[in-house]
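The next part holds the structures, each set out as structure tokens.
Each of the two complexes below includes subunit A, the first together with subunit B, the second together with subunit C.
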Partner chain A sequence: METDRPDSQTPNQLRPLACSCSCSILHRSHGSASWAQRETKVLAAVYGPKAGTKKNENPKKASIKVIWKPKTGQIGKVEKEYEMILKRTLESICIRTIYPNTTTLVIVQIVHDDGVLLPCAINAACVALVDARIPLKHLVVAICCSITDSGCIILDPTKDQEEKMKAFINLVFPNTIVSVLPEGSLQEGSETMAHGIMTSITQGAMS
Partner chain B sequence: MGLSNASEDLSSEMEVDAFRRLFPLRYFERHLAESIRPDGRPLGKARETSIFLGAVASANGSALVKIGSTTMLTAIKMEVMTPSLESPDEGCLAIDFHMPPICSPIVRPGRPAEASPVVSKQLSDTISSSRMIDLKELSLVGGKAAWMAYLNAAFSIMQDIYCLDADGALFDAALISAVAALSHLQIPAVAMNDDGKIVLVSGEDGQKPVNKEKRKLTLRSIPFSLTCILHKNYILADPTAEEESIMETHVTIVLDTSGQLISLYKPGGPALAYTSAIQDCVGLTGQRVKELKSYLDKENSAMEVVV
Partner chain C sequence: MREIQLPLSQTQKVRLQKALEQLESLSTKVNSDASVIIADSIHVNHEDGVLKGHGTADLNGEVVATLCGVVERVNKLVYVRALRSRYKPEVGDIVIGRVVEVAQKRWRLEINYNQDAVLLLSSMNMPDGVQRRRTAVDELNMRCIFEENDVVCAEVRGFQHDGLHLQARSRKYGKLNRGQLLTVPPYLVKRQKQHFHHLEEFGIDLILGCNGFIWVGEHVEAKDDMIEDQVSQSDSQVLFPNKNCVSLEEQEKNYTILETRKYISRAANAVRVLSTLGFNITLEIIKGIIDLSLSMNLDIHDMLGSEFCVLVAEKEAERRSSMKKRR
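This part shows the complex of A and B:
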């Protein structure tokens, strides 16, 4: 069934992306990226690896610290949760045994929020890590799907659409480099690696 | 002969403890290969759960929940407030999750623990997503107060959850505790005082009550959760704190009593969640929901008998 969207996009259509990463964005950082999906815009910076680890961290591996800066005001529970999710996701994709006893600092600054904020930040942080040449197992791709009352799935909703939807889910998938790895290693059991879910956050009831 | 036997027993026990400390991952994997866990549970079984309602007498609703060693204490306080302009006919529900230093060796006094706001946000999202509580029911406009057109008041539910012992699966225990406290909640009687404001009735005041006597809150479908660990090809239900710290991929699934999926929460982790693993987790959670619902119904019926 068809659902009309106010911005005249089809249900499976992503909003226009604008991504740039180079040291021309932030000169002092080792890697930086700006990621925009239409109005939503996130700026990410990576510093490190720097020597030393904080207490409660494992010095045998590289540790990642994430700081989430909202557009205005102090960080609350929402920002703390986003920080934790981003840290766990980035820890999963980094090869942490190459630089033991180091800390990599990832700072995410929200420039504008028009829905789909967390997937935008995950994409920006991933690009910033690549720009900083942090060794990664694979990249990650983050999207947001929303579900209408009639069960239709809409990809990449805006903030207005998010509030009208019955439920939505943020998903993060791995994305491997197909030109380097042999064919067999992309399989895990009976499914390819790209079908596995790395991070999943849902809101609202689904069936 | 006896001396050598005693020495041998002691040394073998020390070796097991040393192996557990030095190589925790291999220690657990040795158990997983036999489809058992170090505390003797099978992989898909949750720990012993107990629910106790009415633990805090001065609160409007309270519950004490234990899952294994994890202990959660929830207390609810209700106040009369002015609703917001955006939703003038609704009350509100605020949930706070506290981890005092008594609950874990890694929690320090002073600054709040890292997990505290994360679990708090998760709880708020889950309870609002499930629409367990009709916020319009908390409104005081209507009924006997309908003739006062200028009257604008509603109940506000403030829920505090304290973690007394953190031994893994904190969100699961916190959610059961929050749900049990809400099922135990008694809405107090309120009256209008001489200044025209609505206050809570304490004892036998002569004031005219705006609403009826104490009544229970109507709960729609109730959400329950189960946290699982994904490690290689194994799925471990209801992990302890030690298992959580060793194996890093956690999946939390929340279903309500009508079978809807409220939350599928997987914050990163090295293992990927494929379709078959998610289906297995949903199956385990479905069994857990039936189990917990029977516990809660039994406890509520026991409370009604007492009253």
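This part shows the complex of A and C:
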């Protein structure tokens, strides 16, 4: 199915990585990265691992704390949800047994939002973790797909397109071979991956 | 090929690419599985009883990388050395820092690390050279020794609860003036036996800080100002004269002659060229670049041009290949 896009992209085409990805851009952080997909731009900084974990965290494992900073205004319910999703995603890619009873702080600053914000933030956070030399099981890549009223699937929608869509889904894949294997479900350590998908967030009616 | 931000013509691009390829082929550590990214498999012989070090993990009986970097092998130990862009201090490192704050009994220095370093008043030789306890008067006169924005050379003493501690208890350390401070990526400065260099033929000093700060300045005779006889208590309480308020005669004495200033600029540009090309910064290479620029009768500002950068890359490739032949 074909659909017209104002940015002259085909439905299955990703927006170009405008200034792509830059590492070590913040001086005081242990690792930092900037990720831009045309107009959407996110800055991620990693501080840690630092000694000590919160009360409800497992002291035998490293914990990750995510702080989401919107471009303007205060943090709301959506941002809190993004924090939780990002925390769970990053915890599943980090080898948390190497630095037990430590906390790694990941701060995500939104510079500009023009759609696919969460995937952009996940990509930026992953690159920042690599820059901070935190041991990871695998790298991750996040994408966003949206479904129009006519049932057409569009990859990487803009902010305007997102608002018109019936539903959209954010998917996170690892870079390891398990992500391309056809088997139904794979056990990766203690994490279960369905068709190699690590995280999937759905909004709206998919059927 | 490494991304080099230079306005190169097509011919220069080809020449530079050829030189860099030659350097790559000469590199001793180049092997097919040297560079790895996260989740890449590392080839090991399990029969030899491999020791898995930093940046590696066992996944289904296979050794995989958990960091992006270069695989290093030391006997049975296999580990991944992360490609660092940030300076990682080690005890004994010679570092150059800029004073950002004069605090209580300490100076805070910016040393290209993710924390400010601390130089305690007690870890510093007094200007009068006397070995004694630091008093409240010494504390009041701290700005007479170093003030904000002063460039200081020191040695990493260790890591304490309040951060990285430095010391400058030798005549070779202390305030640096009459020169240029350059910043390069720290991985270009390798730890060596000697980081203080005196280029006699040019009358300049070169300090290669392990933290990527490089000082090129006029040569200063290191005089040992340790006074043997004890100064009386009353003398030690006298305020130090403010060294920042110097008379015109003293300013004239401190004036650096034009010839030396030119050599300082040449050496600084040589370091900048090496940083642009991503070559390790050593005394021999810097000397070679200065000599090359002088033999070509090149103006100082022309050293930063594309043609000279390409020429330096070619000369470096030549030098390394001749060294390999000699071996």
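The definition used in the following text is that the second predicted complex is superposed on the first by the 181 of 207 C-alpha atoms of A that agree within 3 Å, B and C clash if a C-alpha of one lies under 4 Å from a C-alpha of the other, contacts with A are read in each partner's own complex, and residues count from 1 in each chain.
Criterion: contacts are C-beta pairs under 8 Å (C-beta built on N, C-alpha and C of every residue); 3 or more make two chains touch, one makes a residue touch a chain.
On a predicted model such as this, the values are computed, not experimentally measured, just so you know.
Clash-free side-by-side placement of subunit B and subunit C is the outcome of superposition onto subunit A. In the superposition on chain A, A:Leu105 makes contact with neither subunit B nor subunit C. Taking subunit A as the reference, the larger set of touched residues comes from B, when subunit B and subunit C are compared. Of the two partner chains placed by superposition, only subunit C is touched by A:His30; subunit B is not. When the shared chain is aligned, subunit C comes close enough to touch A:Ile95, but subunit B does not. Of the two partner chains placed by the overlay, neither subunit B nor subunit C lies in contact with A:Leu155. By the document's definition of touching, of the two partners only subunit B reaches A:Lys80; subunit C does not.
In the superposition on chain A, A:Pro135 contacts subunit C only, with no contact to subunit B.
In the superposition on chain A, A:Pro174 makes contact with both subunit B and subunit C. Here the smallest spacing between CA atoms of subunit B and those of subunit C, following superposition, is 15 Å.
Residues 174 of subunit A touch subunit B in one complex and subunit C in the other.
Interface residues of subunit A, counted against subunit C in their complex, comprise 23-24, 27-30, 95, 130-131, 133, 135-139, 174-176. For subunit C in complex with subunit A, the touching residues are 37-39, 55, 57, 66-68, 82, 84-86, 114-115.
Those residues of subunit B that touch subunit A in the shared complex are 106, 114, 117-118, 120-122, 124-125, 129-131, 251, 256, 259-270, 272-276, 278. Every residue of subunit A that touches subunit B in the complex is listed here, in rising order: 56, 76-78, 80-81, 84-85, 87-92, 167, 169, 172, 174, 188-189, 191, 193, 195-207.
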